[in-house]
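Letters A, B, C and D mark the chains as written, and numbering starts fresh at 1 in each.
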Amino acid sequence: MYLTADPIDLGSLLAQVQSPRHGGIASFLGAVRDHQAGRSVIRLEYSAYQPMAEAECARIVREAEAQWDCAVALKHRIGTLHIGDVAVAIVAASAHRDEAFAACRYVIEEVKRRVPIWKREVFADGKVEWVGSGEGRKRGSGELGSSEDGVEVAGSSPEKSVK
Amino acid sequence: MYLTADPIDLGSLLAQVQSPRHGGIASFLGAVRDHQAGRSVIRLEYSAYQPMAEAECARIVREAEAQWDCAVALKHRIGTLHIGDVAVAIVAASAHRDEAFAACRYVIEEVKRRVPIWKREVFADGKVEWVGSGEGRKRGSGELGSSEDGVEVAGSSPEKSVK
Amino acid sequence: MTAVASTVTIRVLLFASYAELLGSDSLEIVLDIPARVRDAVERLRALPGAERLPAKPLCALNLTQVTPDTPLRPGDELAILPPLSGG
Amino acid sequence: MTAVASTVTIRVLLFASYAELLGSDSLEIVLDIPARVRDAVERLRALPGAERLPAKPLCALNLTQVTPDTPLRPGDELAILPPLSGG
């Protein structure tokens, strides 16, 4: 299971991939940030198309492991997350660090691009906005709370926020 | 203190750099691998020129933090390490993941290139070799247990292993 | 065997902002044969509140991403996906 | 003030394989003035067991990397560094 409603435990992801063969272990944590384009964020709410998200995560992990001779662990959290909570965690372990870094980077980029997960931001001013629709697209780059890596719909998109 | 004789605790490094401002946290662990160019490794023994190593680690961390607007935590272990033990750990946290990955990668490369630390490999066949002298240089790339990133002496080097 | 059907019934799943637009995260629709993904989307866009659904949203049929031309068969599960924002 | 000294005494630190070559990790050497880093290295290479010390090893003077031309002053700490292999 790549998706979880529980807090992500980096230690257990590390344990999944550590091995006497592996000298380089790269990891990435995506955490909920307190700001987005100058606006104060209170929390994020993640939802997913779970069976497809699980299948897509499995494909991404297999691709990375095949391309870089490494072991990859991946978890994405869904539900309500508060500032500082980890939304996504990736660990890639390989004999050498080049492969570990490349695999880790590949997995986070592909997760953002391909896995059917959505988040909405709850702002300090009470507004609630789905990331990636309308406003989200205009915000420029960001880690969590931006849509720059999301698959864009090949047509028009909602012009106003969905409350 | 960047050098330590105790096991490295990744959790405490994460705690050093996590902040509500940070959405992307990249980390790297260099662990002792069980092989080096086809030979079976039993353990590694690390030593350092400690005051210079501390000063150089501090410089590298400052450089990364200035260049990528991030917070960096770094620990390098010295003494005797066994297979799977973490020799070096780096955590870089930033608002965005590009900066976190770039800073993390910079720090490990510079640590290997600039910090006066040495390791010797103890092989299963009983041989003991300083990494980076003679044999080490011929082995090609490797994570731990290789000299490809080490500062090379600008002259001749010992042609035989130092036992 | 029963008589050849002239319609196809499929399950449509809606997520995130699209579920809010339509006020539902799952509905069944019946389409005339032959039916393609685009026909299902067109039907959805005629529903109240759905005028802001894009003409060509990202779609997955039975968990795999598909184009608007993909034919629909009875019992298919068609998911209409808003722009992804995981990570 | 005492008379002007004609020699300079420095502390030399040796590490890793170089400490093993010389059988010591620290020693004091006395050099004629004017003395530079290269003079200290030359003196070390004349010691028993040190013939495999490179002519131009990586050197740090008082914790900062220096070139062979760097002058030595009384009380300096000169570290002779084998190829680094941290990480």
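Going forward, a residue touches a chain if its C-beta (ideal position, glycine included) is under 8 Å from a C-beta of that chain, and two chains touch if they have at least 3 such contacts.
Because the structure is a prediction, the values reported are computed rather than measured.
Taking the mean of C-alpha positions as each chain's centre, the chain lying farthest from the centre of chain A is D. In this assembly, the C-alpha centroid of chain B lies 53 Å from the C-alpha centroid of chain C.
Distance between chain centres (mean CA atoms), chain B to chain D: 26 Å.
Put simply, the C-alpha centre of chain C and that of chain D have 77 angstrom between them.
Multi-chain contact residues, meaning those touching two or more other chains, do not occur anywhere in chain D.
Of all residues in chain A, those that touch two or more other chains are 30, 108, 143-144. According to the touch criterion at the top of this document, the contacting chain pairs are A-B, A-C, B-D.
Taken in their complex, chain D has these residues touching chain B: 13, 15-17, 20-21, 52, 54-58, 60, 63, 79, 81-87. Chain A meets chain C in the complex at residues 30, 46-49, 51-53, 55, 76, 87-88, 108, 111-120, 130-133, 136-137, 143-144, 146-147, 149-160, 162. Contacts from chain B toward chain A in the complex involve residues 10-11, 14, 18-35, 83-84, 95-97, 100-101, 104-105, 108, 141-145.
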